[in-house]
Amino acid sequence: MLAGALSRFLEYSVWLRRPGAGAAAQYAVLAFGLSAMAALTVPEARSHDGIWLTACLWCCIGYFAAVILVRLRTAQRADAIRNYVLSYSGITDFLGVIPIPVALVFGVEPANAWLLATLWLFKLTQNSPGLALLGRVFMVEAKALTGVAVLFLMILFVSSALMHLIERDGQPLAFGSLPAALWWAVVTLTTTGYGDAVPNTALGHFLGSMVMVGGIATFGLWTGILATGFAAESRRRNFIQTWDLVSKVPFFRTLDPSSITEITHMLRRIEVPERTAVIRRGKVGDCMYFIASGEVEVDVPPTPVQLAEGAFFGELALLGDSIRTADVTTTRETTLLVLDLADFRTVMAHHSELARAIEAEAKKRRRDIERRRELQARGGTASL
Amino acid sequence: MLAGALSRFLEYSVWLRRPGAGAAAQYAVLAFGLSAMAALTVPEARSHDGIWLTACLWCCIGYFAAVILVRLRTAQRADAIRNYVLSYSGITDFLGVIPIPVALVFGVEPANAWLLATLWLFKLTQNSPGLALLGRVFMVEAKALTGVAVLFLMILFVSSALMHLIERDGQPLAFGSLPAALWWAVVTLTTTGYGDAVPNTALGHFLGSMVMVGGIATFGLWTGILATGFAAESRRRNFIQTWDLVSKVPFFRTLDPSSITEITHMLRRIEVPERTAVIRRGKVGDCMYFIASGEVEVDVPPTPVQLAEGAFFGELALLGDSIRTADVTTTRETTLLVLDLADFRTVMAHHSELARAIEAEAKKRRRDIERRRELQARGGTASL
Amino acid sequence: MLAGALSRFLEYSVWLRRPGAGAAAQYAVLAFGLSAMAALTVPEARSHDGIWLTACLWCCIGYFAAVILVRLRTAQRADAIRNYVLSYSGITDFLGVIPIPVALVFGVEPANAWLLATLWLFKLTQNSPGLALLGRVFMVEAKALTGVAVLFLMILFVSSALMHLIERDGQPLAFGSLPAALWWAVVTLTTTGYGDAVPNTALGHFLGSMVMVGGIATFGLWTGILATGFAAESRRRNFIQTWDLVSKVPFFRTLDPSSITEITHMLRRIEVPERTAVIRRGKVGDCMYFIASGEVEVDVPPTPVQLAEGAFFGELALLGDSIRTADVTTTRETTLLVLDLADFRTVMAHHSELARAIEAEAKKRRRDIERRRELQARGGTASL
Amino acid sequence: MLAGALSRFLEYSVWLRRPGAGAAAQYAVLAFGLSAMAALTVPEARSHDGIWLTACLWCCIGYFAAVILVRLRTAQRADAIRNYVLSYSGITDFLGVIPIPVALVFGVEPANAWLLATLWLFKLTQNSPGLALLGRVFMVEAKALTGVAVLFLMILFVSSALMHLIERDGQPLAFGSLPAALWWAVVTLTTTGYGDAVPNTALGHFLGSMVMVGGIATFGLWTGILATGFAAESRRRNFIQTWDLVSKVPFFRTLDPSSITEITHMLRRIEVPERTAVIRRGKVGDCMYFIASGEVEVDVPPTPVQLAEGAFFGELALLGDSIRTADVTTTRETTLLVLDLADFRTVMAHHSELARAIEAEAKKRRRDIERRRELQARGGTASL
């Protein structure tokens, strides 16, 4: 019942119905809670405002618990409670709520128990497509990255063994044992350089220089591998996401599969929230748009025109003098496929059928705009 | 009236008419002003030469105000004052002039008020195509970069919570609270490593090593994403900038759209100031040039030859023995399209029509050079 | 005889017959040995548990010696002892066993002799395809990397000579000689920044700033070169590894060489251990698989179906509603060729023959799944 | 006369006639000289061995002067003294010899005058194709790099002005003036982090964290730009260098220009010194070679076979079982064009004419090897 009330509150309150508001609220609570937790570890703040801070933290936990209840209820309706509880999203939701009370119950000191609030950060990973992409890059390039790691380990051990030999008599504290020398080697190889352990003999300086340069080379390889992997993976990801949308646009249906593949590689997907300007009149235009889902409103006088799923717009600036002739705004959450100028040229050159269709539509629209202007000039606003 | 006088001064003074001179003057004033401002914050300099330095700074403000007046007047002529004032350029211009006097009037200490001169730096962004490009890269790759930021935040919080647990008893000052531990974690993850907070237990060293390696991995991903995004964006930008120029060169007008698209991808745009050497005789040539706008002078004896918009040059070295046969210099500000040797070969191989046209012209020019040499040898300079 | 016994032990013990178990054991011994060696260099640990640690280390050497004996015996059977001994693998094996006892015999202090255990790390490089790849990248890009190294050397020497001139009077210890200044320059150029030598004059600060920025620029070039080289090399490596596998899949035999080349560029090779899930029912599918070697089991009711070398699976999700319809598990070590969704689309569009074959197979399988479901619904499990 | 003697000495001494020996000698003298110069700045070494070190340095100058004399004489023969003196090579040669004596004559203290020996390092840039390449990358990407530099400057000034405001009261020495705060900002933005100036207020820590993260972002962009530029430039450079060689190989002459362009993109140029093994029997082969200039010797029994300019080898391993069947060694300095396996497949698939030619030659060679083996088996070595 409480869950139902909460669910209704969260679902029907006006501002939460705007897309993204739920996520924004979650992020706000998260930031607020982590700040309170951090403040609680500062001795002065704890002795002064400890009670208030703890209260804030309990409120955050309450909020997260409420979110779980809402989600459980939604899942229950779809008969998918087990799915939700075992999903990544469910597990991270529970990680935010359960560990802290459990720790407190088991007698962990409050100061330590609240540190578990760092687990809340895992909520950030729930809807991050970027993180999944990064994970895949690491997986695909695993062999090469392991190679770099082996290189790193070898430089690490060999250099710290040598440095231990060279400097242990002069600086028994910093280089007297291999673990101590390893700490120096890590700090140096990663170019962090705290300065708490620094070789001070000529030979030590020479070896240290080699290690630093080695660190840069290793680091460069690492970055190079990740850059290569990321480029391939993001191209692939983009294609998969775009393909389904493309096949939904009626305009492209006449194309043979080979042309669809080609055009899919050129399009980029963007998601635009409700009532957001996509095109502003008078700006220079360097792309055109296809509506994969949603609706936009073209602000042509005297009355705006709606364009629905499957339509395209923005082609006039690419065909003509490159200046946008009207404002275009979304009326609801809309997914658009963007075709950049460079690729637009290629499409117009290689796919004569599409070129003709786009040009015909552009011609019709130009005439329409003409006519509207005339009508408006005559003061006539009724006939359209 | 004053504005008129200034405007006339800035517009008609000889050295300012050279392209780029206005910008160079602005940069010089900027560098001078920032140095004076920096000097003003040094106690000795302030007590010694404070008056002179302040005078210099007022001169800089005066100069920037004069620039605004000139620009306002130019805008007034084009009936576009509002446009200028609300443009990015206008706002940054006003940011350089207004805040400091206002701050002084409102009683802000001079030493602090003059620090607002750092706002002058925004003038640098007015004409920087590079910055706009970088901004777009960040926008297009936003999802992946957010993924990295989330990763960064998670490593940050988890590692600082753990380090706080491990080291707080030994080093209450550096790790006694989570904010302090967070400072250590940021300094370490970014591989900055000041050395003001360093773990000194074995466990702390181990965790610290993990954080450093994590920092390098995160950093590598970040760089990889930006590299990928930049490559795509700069290819796209280059195409758009080149396309319009290509369609203006008559030589390419006979091509079908598909070939134009292909050739546009090969050309690179460069802007050459007035009276600058493009080609030097005797050097090895590895590209040819098309004139998109402007004019060049080919220094062939006895009298130099002018080539105007739409002409091409530099093809002789690519067809023959690769040594440039004449100096080529611009006579006014000129935009050139560069075709590198590698792409030249491709063009000659795939576009037989262009190949024939270039070869015909090259043949004609070789004959012409022959004839000129003969004439010169005979001492005849009149007949050409 | 001992060798035979050992060999039999290592070869026939059950858990070691699982692929990878031998390597895992070696890594475990390696990690254990290096930890013991590191502990031995810590004075307290040495005086306390020195004997036990030394015993552990001797055990590790014993294990490595046993591995050599086994390998020698295997080589003897193949009449290739000389090959093994002179191979990289053989040399690194002997490096792990011989140097330490030799050093001890020649009277090297045990604390130092055991440091030679770092040589064990070379065993990690025996089976690392990543390392070989990295080596090739360095070789191919040698010229450009040398260019960066020369740049690095020049900045290093010029900046340290200048800094020596500027700071030697103020800080004779840190900048009094060129070698000392060189140490500062290396620490700064690599952005390590220990802080043991820091310029403290205005001019020194300015020069130091230049050096740091120069360090970042140099580092950026270095990374850029390695990224470029790695991208080219990994594409090439992947092609070579995949080609042979492709030509073994009967499905591709009907293709002309040009199509095989094209498809080889699209496939990615993965090796899956025995009894591992490749596809899980209900997940979203974004790739299909060809079996290059090995066997998989498709878990369709009532009885699972085996697919052998040359077969393909996973195409249903790509052709239909993108949800996997059955679990697929390997029955033995299997090499698969993965075709991602993006490339699958291209194949289906460009190679009508393959497209027909895949679609025919998919149709047959869908019918088969239908029929099996009906049978199962009727309770009939026998007739299949 | 002296010059003549020296020239003869340098030209005719046996070991210097080996290619690269002259360069190696120069590098050795360079390294030796710089070490002596560095030693001379160490007080103890100067007071002890100052005379010997100075003598060594004079010897180095003598050597460099001798090299200039030899080069002048060579230039004189070609009537090109002025060319040499004004060339980059000439200027750097003179920079190594003249400044030090001049400085000594003008009364500069020896300790300082000898620091000019760092100018010797410019000799390293004389033959470095890598450096020229890097220079071009910087030029082509100038706009984007300027954008990053502007970003860097803005973060630098804004953050140091803010940090000056925040920390000047607490740490007047480190943040009391803007120049001091700028030094901190550079050290932090480049992630060097000496630790000589560290913010110690909460607000300072927050701002410092922002600066560090900003530093990493800026750095990432910088690397990304250089990586992109380097990839494009090195592809271009490789094409130009390879093109001329390709057009010299008779084997490719039958191809149309479009195919030559395509194949040029696939080939990689390598230069192999005299008497160096290119292929070793029994190794796995993953590329074939075309001889652009020079000669190789194929070690087939009973008598080796020479292959001259225009021939190819190494194709047998690519067509057959991938194992090299014979050693191949250069007989003089040789330039080879390498065709990797991946590209070899493409060539064989797309250029049927080349494929036939290569296969015919391979067939002939296989028969030849057969016949030679038979002959050798029969003990007959004469008839070939």
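Read from first to last, the chains carry the letters A, B, C and D; within each, the first residue is number 1.
By definition in this document, a contact is a pair of C-beta atoms (placed from the backbone, for glycine too) under 8 Å apart; a residue touches a chain by one contact, two chains touch by 3 or more.
Note that this is a predicted model, so its numbers are computed, not measured.
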Could you pull out the chain whose C-alpha mean position is farthest off from that of subunit B?
C
Which chain pair shares more contacting C-beta pairs: A-C, or B-C?
A-C
Same residues or different residues where subunit A meets subunit B? The copies count as same if more than half of the interface numbers are shared.
different
When centres are defined as mean Cα positions, the distance from subunit B to subunit C in whole Å is 40
Whole-Å distance, C-alpha centre of subunit A to that of subunit C, is 28
Multi-chain contacts only, two chains or more: what residues does subunit B have there?
179, 182, 191-195, 219, 223-225, 227-228, 231
Touch list for subunit A against partner subunit D, complex
191-195, 223-224, 227
Subunit D to subunit B touching residues, read off their complex
140, 143-148, 150-151, 153-154, 157-158, 161, 164-165, 176-179, 182, 188, 191-195, 198, 200, 202, 205, 208-209, 212-213, 215-217, 219-221, 223-225, 227-228, 231, 235-236, 239-240, 243, 256-258, 260-261, 264
In their shared complex, subunit C is touched by residues of subunit D numbered 34, 37-39, 41-43, 112, 115, 118, 121-122, 124-125, 128-134, 137, 152, 179, 182-183, 186-187, 190-196, 219, 222-223, 225-231, 234, 268, 286, 340-342, 345-346, 348-350
